[in-house]
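Below are two complexes that have chain A in common, paired first with chain B and then with chain C.
The block that comes next holds the complex of A and B.
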């Protein structure tokens, strides 16, 4: 790829016996927004730190702008990094923080030019009028923007963000999400964003990279990852699927819900049947379900604003979730501790198996 | 019930303790204002005067009592304490910085450094003097052999202070600086050092004050020219006049002045540290 900004080639990193990164390979183009999604301990932060040069990999190479930077120290890489705790310089003011890299790095710019560029960046992130404040005199969201502005004044081609929205409250988070996208589109920078939140990954990324136990297990657009997770683990991280164990053989899946024909399936090392929360339907226990069905007891429901989550418990203790989008009408009401019959259209299920059609 | 007896009893105990602690200094101060040159180091005060203070600075008419031979010794001790402070603090910061990453043999090196403050001073002093005289064959001086023992003694204190400070230091601000294209040395000067400065101040104060009144090591290792503690000790064996007390009061005032400067600088950098802590709370 001509427009490749950075490339990872079989990067492996161990901490003692723990394998933090296992042979990770990835390529990113210019002006792309990539989200790394994974549970804590999946190696996503380690991957970011290896790219930034804070950690050295045991094996594999890191390329940036067509150059092998594996052995280059962090300060010579020209890759921006925004920390989860922002890591602002507490002894400096907002403008001193923003101009820090230009002042003390190798920019060679005059003090006046540095001030001009710092002020420009402060305006871009909407902090005009706060230049002279200490970083303890501004709010969390404003600190986040100082951290971002500080990185962007260096005009890096690549900015790494380590759960930068985790420290903000929900309201600020969604606003910063929009602003991050806007800033990136204006400056044409590639952003790599690490997050443990599947919503954030799906909302922000042009491309989502799913990590588990140090390995990249799927890469794709949010739509691809959401609609066709590559493995049961990905489906699990997306937190949008009910997963059932069972057995796939002869084009049929045998599980607690009976035997269901499977038109197509995804190759995997174990047999798992996945149904999205919003594809589930509940019938009275006496009803006759045409397709797969499972008897479960209603436990509780949760109001999420735009939808209602209902929790059921199957006889084997397995919790089954059912989402009802409120735009589709008034939700059913369920009685506590009553049994219901849960069913779905088998056409809409995603099936993983050793004996797969593709 | 219990506290009706216990509380006053404990209060009395503390009062006696404080009296015991400061009693000598109070007596010393009172006697330093004794009339001179006839008045001796005892009560009653014949007449209040500042004679002995003037005597120290040679502002009194000549009398049979010789001026204290402290001028040079004081200068030596101040220079020695300053040298020790600079070297020990630099070494302390550097070695504590090295201990931020685990390295091979770090446990052994740690105990080797800390041993310097554990070994009895008399042994260190005697050993150094024997080493200089009999093994290496160099002359002992306050600025060579004694200086070495002072550094060996105060360096562990500076090291431990800096280790405690750096243990709590959030390294992500340094990484942030690197990622902005600032090299590690500039990062240390512009980010790390300003943030650990309160610790550096404490390390400096420790090293300076420990060196200034160090006695056992200096006794054996300093050779011909005496430092202040040795000179003061020397005058005791002759005859005691209130001028020594006047001198004691002056050095105590000097120590207070030093502490005030330290407190002032500390208050300034603690304000900074608080900013740092607030930032960590958010995260």
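The block that comes next holds the complex of A and C.
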């Protein structure tokens, strides 16, 4: 039996010469939270719109509940879509917005039943008592909830959210993250969440799908993606790695930091050496580093509450970031415009290369 | 504290200077003339003279004459018909220009095309309907040549119909513009959202698109109403003097130096317009929409 809720099979979409989606294949299970991560222009929103039925793919098929829905119009798919700017009906009240699909679609329910279901959904998203308000009289976070409730009243099996937290301020964003997950777990439906923020993708997804230039470049749990990015691009989007160019040959990586033995590496079309920000250590410039080392000038530091980010500039202008978790003790202090020797344990580096050992 | 007061003082001074030109202009050329018209409507009119002795004679004459009250009802009737026609012709046009045309450039081009007739003078636009609608005009010739009619249609020109056709064409663009503007401001996503929620085109139009375009309809209706109610040229040129609007009465009365009667009609016309505009503004709260 096919347990997947939806499946994409080689979906390709072009806008003129621009390839928005290039042969994307993906499978999503029931009751899952999936996040699509990618920079703007990576095709993540296009992919979402193809699943929703707002765009038709040039090639490939879309399956939903085991049925080929590629040629089915959006409203017959039973897939909910939450728009980036919420797209609420500005002239209607909260409850009229939430009940819109039931009232004006093909539900055939009585007015009383529609009201009951709308109120139930308004309560679920925590907006009880606001049902009579106009949608321009409520805050951004509340609008987000109305948009979600409006989609959820239709009892979709799959809900697509297009950068749902993008329009909210930082404080609300982290609260809505927890809220979204909780709502999803209560309903037991699959959520697909598109985001450009690596934090959001890692925090919310049971599974993270990384996109770049129209291709799906990695799929995995947040842990898998974070600990072993499949390519230099994934490592770059995660925004947690210092990336060094160089070349990998004969089991050694030659870069600006010297030549380092590489015990294992990941196959890639270019040679890149990646070290996580929190794996970096700084030594006085005169110290004798045992492993790889690079001389860099301290530029600035940034206090992030739970950690401290230090920014260094290498001689070639490359910015190197070093994160110190404050739970590990007081951070080192650095003199501005002074040179330091940055080093790390080569065991902890991730190396990508054409000559890969796995 | 004191510096705040002085800033407030300076701001109120600036406000006064900015308001002054508008207030002076409006008082001199709007408020004073209206008061003057109201005043003159009570003056005593003799055949060749007018004196400021107060009398209700002109008012009594207006309401006791079938010609005058008749022209009031003709004005209201023509106004309602033209308003309905401009809406029926204008709304679909606006819907196309403002909503269905996806490219902003193309919709601007289309709006400019709507305005092109305004490059010629008003009178030419009105008079151009004569060779179109006349007994030997373009429409009759084409229909005769095509064999659709055997006899030329005579009701086309110098009737109420020709006035309605002419006015609808001339004022339609004032309906299209505001509606197209409101429609173009509708977020396309909310239409997609409504469709995704299962609403058909009819429901989307009546529940989403039309209510959101209503402020545009009201503004367009106010434009058209104000212009049609004050009309005299189109009815003069296309009705063969068969259709007399309040505007035509004013023109004839002024022409024969009957200032008091002209003022009575002017006051009545102003009151009618005031009621119409106030009525339209009750439909939507324009302050909230714009």
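Following the convention adopted for this analysis, the second predicted complex is superposed on the first by the 357 of 358 C-alpha atoms of A that agree within 3 Å, B and C clash if a C-alpha of one lies under 4 Å from a C-alpha of the other, contacts with A are read in each partner's own complex, and residues count from 1 in each chain.
Keep in mind that, in the parts below, a contact is a pair of C-beta atoms (placed from the backbone, for glycine too) under 8 Å apart; a residue touches a chain by one contact, two chains touch by 3 or more.
Just so it is clear, the model here is predicted, and its values are computed rather than measured.
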Give one of first, second, both or neither to describe whether A:87 is in contact with chain B, with chain C, with both, or with none. both
Touching A:122, do we find chain B (first), chain C (second), both, or neither? neither
Greater chain A contact set [chain C / chain B]: B
Would you tell me the residues on chain A in contact with chain B in one complex that are also in contact with chain C in the other? 52-54, 74-75, 79-81, 83-85, 87-91, 100-101, 104-107, 150-151, 154
Residue set of chain B touching chain A in the complex reads 170, 172-173, 175-184, 186-187, 190-191, 194-195, 272, 274-276, 278-280, 282-283
For a test of understanding, state which residues of chain C touch chain A in their complex under the given definition. 187, 189-190, 192-200, 203-204, 207-208, 211-212
Can you check the complex and tell me which residues of chain A touch chain B? 52-54, 73-81, 83-91, 100-101, 104-107, 134-136, 140, 143, 147, 150-151, 154, 167
Chain C partner contacts - residues on chain A that touch it in the complex: 52-54, 74-75, 79-81, 83-85, 87-91, 100-101, 104-107, 150-151, 154
